[in-house]
């Protein structure tokens, strides 16, 4: 099975595997710079870590699959590319975007106070455009448009306290 | 003192419960509904609910906190930091209820709460302050006189402000009036008062603070200094001790200033006197005093070999400083660095993150300490400060401490919410950090508003695991997590909390 | 040095991997089939299987260990402790393979491996030894002459022995011949040689040892002393530093003896020179030298502020001691205590325990360090030493260190195998321990053969949880444990491993 | 439901619960010294700990149920009787003893060397009687009879290496 993932910077990674000799699997990894094929075994350690063996050498990987994100960490210093990475399965993102539900409710990431509102109903916004600013714990946080959209409704006002999870803005995504 | 109620949450509440346990004193945690199963609840002997998630109705509700003390028979209150820790009304209410207040009495706190009043106290104590003036006369002539007194460049600051909010830098007299007008507007909307302060701007200043201790018998000492210059938007991110740029004489002078201030106000308990240090003129200037334990107290503990929370408890029990430290007194040894691990998304402007921690592995290496508020399965609520833990590394010198911290951060695993760990690793490897050529504006200037984002791509081993471990198999990590992350997790990826990943509590 | 193969298992292998990470050096763990998913495998960068569960075919197999180094491209070998750590053939084989040996060269180890030879070296180095004699002439006259030379009371010891096995105390000449005959029988069956040694018995002696370091340039220093007098059947249980009963002059003398011995043999790396200290005559006597890292090295690290494993690596890289410590050198500060947490059943004569650890919560309190070989879900195999972890607590003085250790032990949770924690808590609260009126025989005399058993009954809160949490609900803790504990778990409670509780891996 | 447990010293504890007001349960605890009745609530913390609430005060309990043993720890200093306790459900032990299987295989708790054998086939042994001694890691461990029995067979010999789990002695339990 082929599976594609995307990291926070938009880099894509594709993995696929097929059974090989002696209970190992032949895995193909496709990065931007090209494909690598390796015969590997994987087993579960007592604490839930994954032990990945290639050519008799075992490395430890921490893997957590959440609703939207897959988190993965490998601690081997031998890997210059170590540490925690957050990936999204590409299939899932596509499915999400194709949904029938045309409106999106942006909610506050924290309990705080709205200090600036940059947009009004009817505005067209582009991906990453600042919509408003929420202040909490002495820090200001800029809430940006997750993608190109039309603002349907601003559900908050400057100076108002908002609970974490409270709706801030309703958007209608524009088909890109 | 038989049982201490801890009026806080998160890592500091866990820290205080541990100090109580060392002395054989019972501990009582308090919790809001958002923290019903939190780590600080589990690590205390007993725990009592004080209200709903909103701080104002729980952790900030003096009556509810005192009721929890009564219910459990606690005979003392430790305020931690944040929340009610610097509120003189709370200190008084605790004392009025016949309980021991583990901190300075209200009478000590009150006169130094305002920045202006504290500066007056500093001058009276012979502690250097930067030139400053309160803007009482808002006429143009009055403003000009004040600015001439203070000197340029200067900062216009709301007197009741904090976190750099409403602060304006002014380099020339002609920019003064518009800057004052803008600052007044911000102050009026954000703070209790629109009163402003002019203060000389110390360019390239470092934040150096002195830990002090006072006992109930009039004695006060300093416990050396910390350097907290690595800040993001006025929030400390990396702290260390000793300050790497001070000469012995400069260290002695700034520490003596801290002690003199503490002694002048009759300080009792643990506190911190904050200074700006000008790396050009080599002068230090009093900033303010924090009349509580600081987040960054562990770097002092690591270097000096003194448990500050145990010391707070002993001072509250009436111990004399001279007995506590013995004839050898206190010395610094080696170097310690602390990093604050925040749940915030470096790929999205460092927006705070909340959700279920699907897996957490804190480093448990020698000479590394972790003060954690969260572990695997815990929920980071949306309602409070997003600090997950502090990691403190000690070394014989600053370079060894830095290497040890890098190793510790590289073996830290946090899944479920994004953290600032990639940024911390990046900062610790910067030549500017290695040479300690930093000041309070360095980090913001270095990264701009976006931060370093995620600096790494998944390793081959990681992608092999991903290929061979089915998503179904891999989800077992947080199987025992039962609590939802505040608001229910939205199913539609579009209809979600901005920047917030609510982990699948039931996956 | 780019990558170190760690020729050990358990906590020390984890410890060494961490020191490598601090220096940016890669680490390779080795494992037998019994340790395929063990913690030391997970904490190293890479891991390689070296054989089946039996030590002789895995951890003791020099060829297999060297093959693992070749496979991974490791360019150095750290032997840890136990297994091959003091085997000169292994040291030679590593060097012959062109790899860096992190320890003393075979030429340094060989001449001091035998107890008798090491005593001769000590005498040559001017280090005090207790009167002793090798029994070459086994005629009655020969025995009497040797005994007269040594003096009564004396010990008859197998020369190749260890752990007190075959050792006999003799108080009078008329008991000598039968004691020698009995000891020869034991030595012949248990050890490679039946040669015996007579040694003066130091009554009420304490075990005091000196940590030493030597570099490749002929320099050697001591890193102060440890007291390891609290032993159960000749196995150290509690260690501390500094030794609580030495005067400054006595400390200087014993540390200088350690340094003199190390310098005399041209020692390279970290080692320990063991002494008996006579609390009556105040004299110390050389016992033997351990040419490796000791289990109890962390108490020295805590008090001196020096990472001994990092120092081992730096010495192997060619560093000079003078560079490593700088002009200030090394000083002791405060007091540190280590306890060894063993999987053994206090209710059943301390029989070693194996099985699945259904839940482990190690203390992570400030100034407490845990070097753990196991965590929740791990399997304690039947094949090796049953030590689960070491807990090290530091305090400004011995009393504070003791209180901190008690607090740490009280918040430690180990479910799935019985441990000696109840005994440790009991010992730390004994007045004899508080006054440090202990010697190497104290613990055995205090408890007899049975130990304190379980000192506690379940609390009300525990029984309430038991009443309200169904057994089905409560079993989730070890849900992710997949490996069986060596031999498959027997279903019939009668047909089971004696003293061994094999947790339900699939429950 | 009434449930009885026994600790390593043979002390028995009995617990039973029945629903009470407001979702709490009324629990009766019977120790040697008498019965206590308390209204309590219990809930699970994220890490799997049990949070036990009585009269508004919550305490934390760690509970693990294994095949033969129940492990329980409570860390409250307020409880003078804190720390880890190993209990066996009494019901289970009875069921085990009533089993049809009349022989028991005593196995070595560790890999080591048999240094003493005290018994021979045909010997009657009482509970706790030393049967043999196994040495491992420089320590000697005495293997005792788990209950009164007749020795059917000694499956090892002095000086022999034994693997952990290897059979040492076969016993036929005597009906008490």
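Every chain is named by a letter (A, B, C and D) in the order it is written, and numbering of its residues begins at 1.
Basically, a residue touches a chain if its C-beta (ideal position, glycine included) is under 8 Å from a C-beta of that chain, and two chains touch if they have at least 3 such contacts.
Given the structure is predicted, the values throughout are model-derived calculations rather than measurements.
**Student:** According to the touch definition, list the chains common to the neighbour sets of subunit A and subunit D.
**Tutor:** B, C
**Student:** Any chance you could check whether B-D or C-D wins on number of contacting C-beta pairs?
**Tutor:** Comparing B-D with C-D, the pair joined by more C-beta contacts is C-D.
**Student:** Measuring from the mean C-alpha position of subunit A to the mean C-alpha position of subunit C, what distance in angstrom results?
**Tutor:** Their C-alpha centroids are separated by 47 Å.
**Student:** Please compute the C-alpha centroid of subunit B, do the same for subunit C, then give the distance between them in whole Å.
**Tutor:** Each chain reduced to its C-alpha mean, subunit B and subunit C end up 40 Å apart.
**Student:** Starting from the mean Cα coordinates of subunit C and subunit D, work out the distance between those two points in Å.
**Tutor:** From the centre of subunit C to the centre of subunit D is 29 Å.
**Student:** Residues of subunit D that touch two or more other chains: which are they?
**Tutor:** Within subunit D, residues 44, 48, 59-60, 75-77 contact more than one other chain.
**Student:** Could you tell me which residues belong to subunit B and also touch two or more other chains?
**Tutor:** Each of 21, 24, 43, 410-411, 476-477, 480 in subunit B touches at least two other chains.
**Student:** Every touching chain pair, please?
**Tutor:** A-B, A-C, B-C, B-D, C-D
**Student:** List the residues on subunit B that touch subunit D in their complex, please.
**Tutor:** Listed in rising order, the residues of subunit B that touch subunit D are 3, 20-21, 24-27, 36-37, 39, 41-43, 45-49, 71-72, 356, 375-379, 480-483.
**Student:** Could you list, by residue number, the parts of subunit C that touch subunit B in their complex?
**Tutor:** Where subunit C meets subunit B, its residues are 15, 18, 21-24, 43, 298, 301, 305-307, 310, 325-326, 331, 333-334, 362, 364-367, 369-372, 394, 396-397, 400, 403-404, 407, 410-411, 476, 479-480.
**Student:** Spell out the residues on subunit D that touch subunit C in their complex, using ranges where they run on.
**Tutor:** Touching subunit C from subunit D are residues 3, 5, 7-9, 11, 13, 15-17, 25, 27, 29, 31, 36, 38, 40-42, 44, 48, 50, 52, 54, 59-77, 79, 81-87, 89, 92-93, 96, 99, 101, 103-111, 115, 136-144, 146, 159, 163-165, 168, 173.
**Student:** Where on subunit C is subunit D touching in the complex?
**Tutor:** 53-55, 162-163, 165, 189-190, 233-235, 347-354, 358-359, 361, 381-386, 410-411, 413-416, 418-419, 421-422, 425, 453-454, 456-469, 471, 473-478, 486-487, 489, 492-504, 507
**Student:** Contact residues on subunit D for subunit B in the complex?
**Tutor:** Spelled out, the residues of subunit D in touch with subunit B are 43-49, 51, 55-60, 75-78.
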